[in-house]
Structures are given as C-alpha cells and as structure tokens.
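Chain IDs A, B, C, D and E follow the sequence of writing; residue 1 opens each chain.
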Amino acid sequence: MTDTATTAAGRTPLVALTDVAKSYGNVRALHGVSLDVHAGEITCVLGDNGAGKSTLIKIIAGLHPHDAGTYTVEGEEVRHASPREALDRGIATVYQDLAVVPLMPVWRNFFLGSEPTRGRGPLRRLDTATMRATTRDALLRMGIDLRDVDQPIGTLSGGERQCVAIARAVHFGAKVLVLDEPTAALGVKQSGVVLKYVAAARDAGLGVVLITHNPHHAYLVGDRFVLLKRGAMSGSHLKKDITLDELTREMAGGSELDELTHELSRTPAAPEAAAAAEPETTA
Amino acid sequence: MTDTATTAAGRTPLVALTDVAKSYGNVRALHGVSLDVHAGEITCVLGDNGAGKSTLIKIIAGLHPHDAGTYTVEGEEVRHASPREALDRGIATVYQDLAVVPLMPVWRNFFLGSEPTRGRGPLRRLDTATMRATTRDALLRMGIDLRDVDQPIGTLSGGERQCVAIARAVHFGAKVLVLDEPTAALGVKQSGVVLKYVAAARDAGLGVVLITHNPHHAYLVGDRFVLLKRGAMSGSHLKKDITLDELTREMAGGSELDELTHELSRTPAAPEAAAAAEPETTA
Amino acid sequence: SSTGGKRAEDRAKQLAANGSAVNTPHWTFAMVTHSGAGDTFWDIVQSGAKQAAAKDNIKFLYSNSDQGDQQAQLVQAAIDQHVDGLIVTLAKPDAMKDAVARAEKAGIPVITINSGSEDSKKFGALTHIGQDETVAGNAVGEELDKRHKQHALCILHEQGNVGHEQRCAGAKATFSGRMDSLYVNGTNMPDVQSAIQAKLQSDKSIDSVVTLGAPFAATAAKARQQAGSSAEIDTFDLNAQVATELKDGTIGFAVDQQPYLQGYEAIDLLWLYRYNGDTLGGGKPVLTGPQIVTKDDADALLSYTKRGTR
Amino acid sequence: MSVLTRPAAAGDERLAPRSLTRRMLGRPELGAVVGAAAVFVFFSVVADSFLQASSLGTVLYASSTIGIMAVPVALLMIGGEFDLSAGVMVTSSALISSMFSYQMTANTWVGVGVSLVATLALGAFNGIMLVRTKLPSFIITLGTFLMLTGLNLGLTKLISGTVSTKSIADMQGFPAARDLFASHWTIGSVDLQVTILWWIGLVAVATWVLLRTRAGNWIFAAGGNADAARAVGVPVARTKVGLYMAVAFCAWISGQHLLFSFDVVQSGEGVGNEFLYIIAAVIGGCLMTGGYGSAIGSAVGAFIFGMTSKGIVYAQWNPDWFKFFLGAMLLLATLLNVWVRRRAEASE
Amino acid sequence: MSVLTRPAAAGDERLAPRSLTRRMLGRPELGAVVGAAAVFVFFSVVADSFLQASSLGTVLYASSTIGIMAVPVALLMIGGEFDLSAGVMVTSSALISSMFSYQMTANTWVGVGVSLVATLALGAFNGIMLVRTKLPSFIITLGTFLMLTGLNLGLTKLISGTVSTKSIADMQGFPAARDLFASHWTIGSVDLQVTILWWIGLVAVATWVLLRTRAGNWIFAAGGNADAARAVGVPVARTKVGLYMAVAFCAWISGQHLLFSFDVVQSGEGVGNEFLYIIAAVIGGCLMTGGYGSAIGSAVGAFIFGMTSKGIVYAQWNPDWFKFFLGAMLLLATLLNVWVRRRAEASE
C-alpha cells in the first residue's frame, strides 16, 4: 500500500506525506495516508465521496494541521501553522468550497492575500489597473468573458467562480499546484482548458496534486494515482501499471459497479444507452 | 430556435416557459428562453458556464420571479411568490449551491420546510425517529453511509452534502424534479445512482429538468436538450435528432473545441492521450 | 490643596485603625441609592457617610442602581446580609415600599435620605434627612425671579429621572417667567455642549440656563460662549469647578443641599439610634437645604469643594 | 441542538469511541453550566451571606427578571435577528396596562388585556417592518427603541402629568392580577417570587418549541441560512414576525410583573436592559450571527449574570469597582466555559 | 466598494445600458447622502434657526465628535467585529492623560503620550483576546467595557479622591495641546471646531486604506468570509488586532479632545456612546454581519445623526418627545436611503 516511494527514488519529492492522520473531534477522517509529489509530475488523488480527499488537500495547504505522521516539503519537515506559510513555500491551492469572499469584487478576490502594490512608503497602494487587467485576461484565457470584473464574486455563476479560483491558483502557484475537483462545475470547454493548464504547469516543472471524480480526466493527465477509501489508502499506482478500465473500476468500488450498470441499462426509456452504458455512466 | 412545442403537441406540458427573461440589476442573465417539461420525460438544459442555466432553474423553482414571458404549470399561468408555492405544486429542486443550513444536523436539513409531525394540538411535535431513520436510509441508498445523521451538515464532504440535497428533492418531488448539476461533486458510484434515480423518477411519470455539463450523462438519460448560450437559447433538440458527438460539439461551442483538443493532445507528457483526447477531454 | 480629600480620608482611616472615637460594636450599615455610576453628588454623600462611619466604628456598605426594581433588589441583598442599619433613597417610593417593609420586619432600622420626605414616615423609617427635590426647585424659581429673569432653560441630563423632573417642575412652579426643558445625554459632554448651544441659538430670548448637576454648569458656560448668548448659568449642586466659576462670575448661583451632611448624618443618626435610641427631627424631615450660594460664598466653598466634601 | 444524541452506528471504524461524560461536556449548555457552577462556588467561598437560603431567593429573583426576557431574545438571536427595543417595551407594556385601567377606571384585567394586544402589536410592527423593508434589525429596532422611549415619557407626561403613573393598587382585580404576576411564597426560609415559575415555564416551552416542533426547525434555519431556508420552502418572514411577537409577549409578562409588584411605573425605566438580555443569551452560548443556541443556555446565562451582579454585593467589595468585577467575572466564566468545551472536543 | 467603477466591456449584449446618475445612485454612500439631504431640507423648512451659519457650526461639531469614532468603528464592522468598549475607552484615555500629568506634575504632552500608549494597549488587549480565545467580540468587548467602566471610576477615586479629575489647565503644555485637540476658529460667522478637521482627515485616511491598500482588502475579506480569507493567506488575526488598535487610536483623539476642551473629566462619562458610533456606521450602510460598508458612509451616518438630534432642538419641538422624533427621523432617513437604492437598481 505504501509503495509510493519506489519511483524516482533519487529525487527528493517536492511534497511528501508519510502515514498522515487527521481527526475532526471523534471523526477519523484520515489515517495512514502517504503521498509523494514530484516536480514535473501530476499526482491524482481519487476516491469515493467522503473518502478524505479534501482533508488531505487541506493538510497540504496548511489549513489544518495533521495529527500524526510527517509532512516534508523538499525534504524538510514542516508543520504549517497557516495557509500563508504554505503559500510562501510556493504551494497554491484551489479549495473545493472555493474560498472566495462573496461581497468583494472579482478582481479583489483574485489577488486576495497577495496583492501587488505600487509606490513607496505611505503612498504604497494597490496597483488596481494591473489587478483588473490581469484578472480579466486570466479569466478570458479560460473561456470566461466576464461582463465586469468589478461585480461581487457572489453574483457569478458556480462555474465562473470555480474558474476564478483556478486562475488564481495557477497565477500564484510557484512550485506545487493543488486542485480539489477543479472541473466539477465546469463546462466542456472550460474543463478542457483546465486540463491544459494542469499539463502546462507540469511541463513547467511544478508538482501537481489533482483531485477528480472523473477517471477520464485523471487518466488523461495523471502520472500516479492514489486511491483513498473511508479515510485510508486503498491503492497507489503508476500510470504504466494500470489501465483506464481498471482505474474506473477501482474508483467505483469494484463489483458494485457492474450491478449498477446492469440496472441502469435496463431502464426502458433509454434503450440505445444500453450498449454505451459501461464507460459513459461513469464518465 | 423556439421549436420546443412541436412534439407531444396534444398533451399540456407539466411546466412550460415561453420567452422568459430575467435581469439582475443591469445584468441580462436570460432572455427569450422557452422550455417545456412533460410528464415522463427528461429535459436537459445544457450550456457553457454563466449561460443562465441556474437562473432558469431558479425561476422554475420560484426563487426569483421572471421579468418577462409566461410560466405555466399544467396549463395554468403562475407567478410564484416563493419557493413554497412551487413546492406545493409538486416542483422539487436541487440547487447548485445546495441550500443547506450548515449548523443544522443532517436529518433536520433533510426535512427542512416539510417536517413530518406526530400528535395533535399543542402536543403536535416532530416525528424525530422517522426523520432520522428516513434520512439515514435515503442516503444509504445513494451509497453514502453516514456515521451520524446528527452531525451538522456543514461538516459533511462536498459530495455527501450534494447527496443529501438530491435525496431530499427525490423524496419530496411530486410532479416535477429539477436538478442543477446534481452529479458535479459526486463520485463514480454516486453519479450512477443519481442517474438511476432520475430515470426512475421519469418512469414514475414525473417531469425532470436536468442540468449537467457532462454530455455523456445528458445523452444517456435525456429526452430533449435545450442549449443556452450567453443567456439566450441556441438550440433545442429531441434525442432522436442529434447524436452524442453533435451534442458534445454544440455544448463546447463548435469549432473552438477542435482547436483545444488539438492543443492538449500535443502536450508531450501525455502521448497516449492524443488518440483518446477527443471525446474524453470533454467528458 | 492643603486640606486635600485624600489626606482627610487617610486621617479618617487612621482614626478607624486606632480604634475609633467610640467603643460600640463594629456594626454594619448599608446605603442603597438611586444614583447612576460615577455621580459627583453621590460621591460626596458617600464621603460624608464614610467619615461618620470611621468615627462611629461602623462598617459602611454602599450600592446603587438607577433602576427602581434593581434598587429594591439591592435593598433585599442588604437585608440578606443582616446589616444593622439601612439608609435608602426614595426617589421611586413605590418600588421601595416592599423592600423597606421587609427590612423593618427583619428588625433593621431604616433612615431615608435625599428624596422621599413624604413617604419616609409612611414606610416606617426612623427619620428622613435631606432636601426635597421640589423644594430645592422652588428655591431656584424664586432666586431666578429675584434676578429678574424672564426665560429660563432647565437642562435634564438623564431622561425620565424622577429627581430631575421634580427639580425642574419645582423651579417652574415658583418661577414667574417662562421655563423650557432640554434633555441632553449626560454621559456625552460634547453632546451636552452642542445641544445647549443649539437651544440658545434657536431661541435668543433665553436669559438663564439651569443645570441639574454641577459638572454640567461648566459645559453650559462653554456652550453659552460658543452660541454668543449672554444667558446666566445657574446650577444645582456644587463642585470645585462650580465654586471657581461662581467666584469668576461665570456662574450666577448654585443651590446646595449639602450632600456631605446627608451621608454623615444618616450614619451618625443610625449609630445614635442603635446606641442610645435617639431620633432626630421629631417626626419631621431633617432638611439639609436648599442653600443658595453665590459669588460671596465662593471663597470659603472653594477649599471644601476641592477636597470633595461640598 | 437536539436533546437525544443517538449513539453512532455501532462499530463504524471511522468513529473513535467517546465516553458519556465527554459527550455531555460537548453540549453547549453544559459548558455554560460549568461556568455557572464555578461562579457559584466562587461566591460561596468569598461571600459569607451568599449561601443563605434568603440570598438564594434574591439571586433567583434577579436572574428570573432577566431570564424571562432572555428566553425570547435568545430565540430571536437563533433566528438571526436582534431586538434593541426589548428593554423599553417592558416599560411600555406596564405603562399601557396601568394608564388604561386608571384612565378608563376599568378593571385591571381589562388593562392587562389591552396591554397584551398593544404589546403584541408592537412586536408585530418590528417584525413586519423588518421583513418588508429588509433593513437590518439593528436599525429597525433602534428606531422602535427610540420611539418607544419617547412615547413612554411623552404620553405618560401628557396623561398623568408626571413621569410616573398613578397608583392602581385600589382598583378592581388588582389583587388577583398581583397573584398571577407578582406574588411570592415561602418554602422553608427561602422567599421565592412567582417570576421564577414564569421563567422556568418559558424555558421549558421554548426548549420544546426549538427542538420538537416545525417552528423550531424554521427558527434555526432562518438564522443559520435564511436564503437556503426560503429556497426549501420555510416561511422565513412569518417565522421572524413570530419571533418578534414572542419577544413582545414576554415583554408583556415582565411589564405586568413590574406594574403589579411596584404598583406605579416610572416612564424612564427599561432603557439599557435590552443588553442584559442579549448578554444572558450570548453567555449561554447563542451565536451573534444566528443559527445556534438554546433556551436553556439563555437561562444559565441569566443565572450567571444574576449570581455575579448580586454576588459582588454579598462579597461586600468596593462598590466603585463593581463594574470592573462584573466584567472580569463574566469574562472568566465565559472563558472557562470555552476552555472546558475545547478540552472535551480535543480529547477524542 | 471601489472608487472607480470601470465602464463595462463595451457592447456586451448581456449588459443593459445604465446612465451615470443611476450608477451613482447605486453606490452605498450616495444612498445615505440622499437621506442626509432629505433630513437637511426638512429641518431647513421646519426650523428657522437651523439654516444660520452658526447653527451649521454646532451641528458639524456634534457630528464630528460622533464621526471621529464612527470611522474606526465602521472599519471594525466591515472587518466583522464589534467594539462595545469604544465609548468608555474615550473616557479612559482622557482620564489617563489628565491624571498622569497631574500626579506626576509632568508636562501635559507627556500625559498625552502615555495616554496614547495605554489606549493602544487597551485596543491590542481587545484584539488579542478576540483572536486568542475565539469568543465572539460582543462578549470580549462587553467584558472590557464593564472593566473599563469600573476602572475609570475606581482608579479616579483612588487617585483623585473624587469622581472627576483635577483641573490641569494651568500646567505646562496645556495651551499647545488644546490648540491641537480642542481649538476652534471662525470662518465668516461660522465657528468651526478643530474636531471637524480631525474627522475629515480620518475619513480620508480610512477611505484610502479601505480602497487602495492591502490592509483594506484584508479588512473586507476578514469580515466577508474570514475562513476563505485565511485560506488564501490573509493574516486575519493581525488585521483584527490592527482594527481594534485603530479604534483605540481614535478613542485617544476623542479622549484628548474631551480633556482639553472641558479641562476636567468626569469618570462616569462615555457609557452608551459606543452605540452612537455603531448607529452612525449602520445608517451609513455598514452591514452588521461584516464585509460591506465604507468610511464615508459612516461620516454621512454621523452627520444624519448630528443633524437630527440638533435639528429637533432647533425646531423647538416638545422635548418630552425628543427620542420619539429622533427614532422616527432616523428610521425615515434610512428607509428613504433604501428606497432610493432599490429604485436605482430596479430600473435597469
């Protein structure tokens, strides 16, 4: 189960978690989870709902401290007291619940916590022109043509908000990019763009952690796959060791899936779906 | 564009929107949109991020009034002043932002607004035992095995919360079930279950409105497809008139997609994805 | 200040430490008033009481609340502590009726001070020491007449305070000119100033301003200057600032009811009652005022006010 | 938030076992109860007369007069709103009752009834203004607070000529009404006021409503996430109006107690008491932001406040420092409460 | 929330055109400005003496004494917190300054400096307690409020022997300090207090900080969604401590004004003023729940409050009804503000 360290043994991983555990009060959300993130590689974390993926992300991002195990960044053991520290180490995160401030304009949200300034001393001020322009451009590149970057982010559609969060992380991610279900709320086009970004980040030498429920997405870009089940690791594979079908089956919990597919394909009103059901249902 | 009424002309649709428009302040979110929902049919609303899908849902659910056009339920023109009225007409909705009260226990959220009671007069009280049991069972059927239905819903994972919202709508939906991106946060197994539910609801004679970004999901269960683009209708098709590939292409905005696929398939680290890229990227 | 309040207090404490002037038991007397927190007037009452307590070998307890029901609860708390004597104010007589009756039932002698001279006897108190607010008000009205004032303004720094209403009403009753009221927010000096200023600006015929507490007289003087009015400032009660301004002529007159005396005498009379069964006043209230003080008295008063006993 | 904490599904490996004591300590009220116990023990030690039976009666009475109002104020805060007019509304209610009976020479019960209707109307006004204008409740009830303060004084002076009402002690129905609202009886050597019964009754009813009725569910939802509640069909507006009327109802009870226990009402009173009610609710664990809290918590909060403010008197500390001690004790009690809860949560 | 409202991308068909006036009316402060204008016009009509130049000076002075504190209080509310100790802290600051100078027979400037340090420490105490204990700010600052009230009285009596300080008017440095904090000068026939300058200066600085600096961004974020802000690296705790220290700083300014303008400080003052500051901020459009508001809004709010409370005096209405009129006017002004804004938004 903990065979993650076998590859690329010579390099120190950018981020390495070993036997990490985390409880919320008396709820054990995570235990005995290990994970390596290497530069220029995409590590996919896969698992059922409630498996503990977001919890893992939050530990990496410095939002929650881990209860047990070790967390090293470039070989050095750390214990982030706040997300600020993780950011300063070059780890940028897209959270599943997005972490935006609804009443603030889009451009202020984009740069929140890392605002660029102009001038010196008491005249040091936000570089609002750059901030607005950068925000607009970053979103446009993702296929989101905002009417007005001054509108409160709370008035954006779910997918638009998701894109802002992703664009922000991509913009500030220096060494490690952590993405929690980035494509969940996105349209076909935007999903494509995000995957392209992820690939580009990898090519630029960043380490990427990607969480997704879509095995197609995961298999397309991932280099290694960590599977979580009910808070524990249930598998860790390199891309070369597994096929898309096997991955899909593992994500869906094995034999249970067959039964379900079977059931759904019998529904009378969608006869033409029967043949296609196996891969598509799970897409 | 407004050729929706051509099929099943004899029956009055359960819900029919004609030339509906909606603005938020000076933002025109929706204009000239028409849509029919028939009993025993699934109507899919598809479109880019920010196209106005959720706005359409909110009008149907009675959360926002429409600014122009007509909205009829079983032939009778309505103007819902509150979601309560829509619920009373048998229209149950899953909102994209889920509409849960974070600090309340799961079971109270499940029944919020439609609590079952026992006893009479001053002794009339919540039937808490039934409420807890029903909640647990409904979630178990979706593959979510909650530790404790008494935990605040805010402590559930994103997907678990999504499942509560869906289970709730399915439980209370009497005539029309409206689902805004129900599978977005869900795992492979749970997505399958939800699609099964949607199909079951249709088979039971309900009208279903399903919003999704996943053309596979849409094509698998949908009977008619309404495409939105930047607040306006850009197409309306019956299943028999369109193939999965055409649908995918329309959702992604036509020619732009080809370019993108091309680009992504060139990324060096994912050579084996090149062939598979076309459908999967967009899945 | 050669006769500073601190030194006087120290002397009093020393006296107490040395064994007091008397050798009666170490009785506990409690005083419960309707004062708000940090009121100058009641501070002087306390000083007087403490001085007498030190002399008479008394343990003195003080508590206060400006809400009637709260004050009643405080009296009850004093009864619970089995004090040997009780001093209460009857600004809100009806609220205090039951509480005073319970004290009597518990065998605790009660003396009323300051307000409530009409009810004191009825409630079964030994005696009443102080000055009726209405009587004090009457004195102000008469003095204003004497000074040929036509149009006076009464500044109430606490809305709904019974004592304040009685002072103004009393003045209005004997004053032959016109008298207006003005409510100000007593815990906000700038507001007091600007409100008086506004009133003086809006009605130029006002020729005298009567404040109900000493600290507000100086502020009224400031407001008068800002508003360019020539109205005379008069006040109830004394403090060092008022004494100085009386001397300067900034303030016309002040009505003193000798709060020090009210506190001192109340303790002393309770002691006398416990020690010797003595009472004072022969069933009538013992009046401590009103005394009109003007520029002529200012010099003598200055040193007393500075040490906080007048 | 619920009375029955069902044991978790047996044997789920994702749940660490937790002892009953720990589970109890995790409940919000019990945290506050620890604070209350600490304050009690503290004053029992430092103040000789605190432990007497008669002192207990005094402390309970002081707590009950705050507690009666703290119950609906806590409910309102759970529902996500404030009521700054709660303090003066008590006085208004007493004034209406007294002046109506006196001026009409009517049976006091008529005055009491008229006062009930009028006070409920005031509550409804607050609620309806709130849901109609969608202004923050702070502004709306501040407006009502100021207007009622002015009306109390202005109308009383207009009608009675002075700032307090005339005595109605000799009017028909007075003794019976006094029995209901302001009687007291002696058990052993403890003198107990009837307000304590009202208080206990209100806490019980409010707890039942909160945890066992649909309305209770709606209150939590309206405060926890009003948009979501509305989206799933909760009548949020009606719930809020109802809550304001509950505050008005309790203001009526308190007002009648004021009237029948002192017979005469001062028109300027009640100002500032609204904060005591809010303080009691917050000490008892209500969130300022709504959606969380309990009626029992508000009672514990009122009791802590009552014990502290009277305990300082029993301890015979320097009255100049009264407020200082009060503030320090309240802060310490709340800190203790939080500390206990954290410890209970941290150790799985 | 931003000064420059960029024109929307030209020709986006999803945007209805909107005239400049409408866009202006949509801004929160301008809504309040309409309310202020209405109040102004109203009193100009009903009160003869309201329009005099000298009256303007009085109204501005009254507004400025509230406004100086309303600025940091508004910032704090945008940052999602309350400060109930703001009112008494002003008095504390004045007392410290006065008593230090007097007791040490030091130059008044030394007292002023000591007071600054001590007051900032009080603010830091509030902030640090808040972020450390994670208790609601209502409880923490209520504790500080009560403790300061007690300390003000207790210490003043201990040191001065009475409930007010001794005069320091004859001490070194007094005239210069008075010039800075409490001078006034005459332009035409209007007598203007220096507090008005302080007020304008503070509003300008606060507006700059809110809209043009990183700290401003953090304040909005800390109040709008503290968890999200923390997640993206905003130092939420430091921001909040800073805000409490800003309140303390302005309390120091107000306190020095109090001292140098009245020379003697009453230890019981300031109680209740914290609500005036909150009222001004809320009338000016700050959300009670945080994340939204402006410094200019707080100034307009203070001005509305100042105009109303003084306007009623100028209008010579029956003083018994003062509070009633005050409440009604404030409610009407706020309603007008909301109505105007809704109209502006509704018509695309």
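In the analysis below, contacts are C-beta pairs under 8 Å (C-beta built on N, C-alpha and C of every residue); 3 or more make two chains touch, one makes a residue touch a chain.
Predicted, not measured: the structure shown is a model, and the values here were computed from it.
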Discussion item. Looking only at C-beta pairs that count as contacts, which pair of chains has more of them, C-E or B-D?
Written reply: C-E
Item to complete: Farthest from subunit B by Cα centre, which chain is it? Let me know.
Response: C
Fill in: Chain of greatest Cα-centre distance to subunit D
A
Worksheet item: Measuring from the mean C-alpha position of subunit A to the mean C-alpha position of subunit B, what distance in angstrom results?
Response: 24
Response to the item:
Cα centroid separation, subunit D vs subunit E, in Å, comes to 30
Fill in: Length of the line joining the C-alpha centres of subunit B and subunit D, rounded to whole Å
44
Practice prompt. Take the average of all CA coordinates in subunit B, do the same for subunit E, and state the distance between these two points in whole angstrom.
Written response: 48
Response to the item:
Two or more other chains are touched by the subunit A residues 27, 147
Worksheet entry | Residue numbers of subunit E (touch at least two other chains) | 14-15, 149, 153, 157, 272, 320, 322-323
Worksheet item: Can you list the residues of subunit C that touch 2 or more other chains?
Response: 37, 159
Discussion item. Which residues of subunit A touch subunit E once you look at their complex with the stated criterion?
Written reply: 61, 63, 82-84, 87-88, 93, 95, 98-105, 108, 111-115, 117, 124-126, 128, 132, 145-150, 152, 168
Response to the item:
Interface with subunit D, subunit C side, in the complex: residues 37, 61-64, 67-69, 72-74, 76-82, 92-95, 97-98, 158-162, 165, 169
Worksheet entry | Complex interface listing, subunit C residues touching subunit E | 4-6, 9, 36-40, 43-44, 159, 180-183, 185, 187-191, 193-195, 197-199, 201-203, 215, 218-219, 222, 226-228, 239-241, 307-308
Worksheet item: Which part of subunit B faces subunit A closely enough to touch in the complex?
Response: 24, 27, 40, 47-51, 53-54, 96-97, 143-144, 147, 151, 155-160, 162-163, 181, 184-193, 195-196, 199-200, 202-203, 213-217, 219-221, 223, 244, 248, 251-253, 256-257, 260-261, 263-264, 267-270, 273, 276-277, 280-283
Worksheet item: Quick one: in the complex, what on subunit D touches subunit B?
Response: 1-2, 4-6, 8-9, 12, 14-15, 208, 212-214, 216-218, 220-221, 224-225, 227-235, 291-292
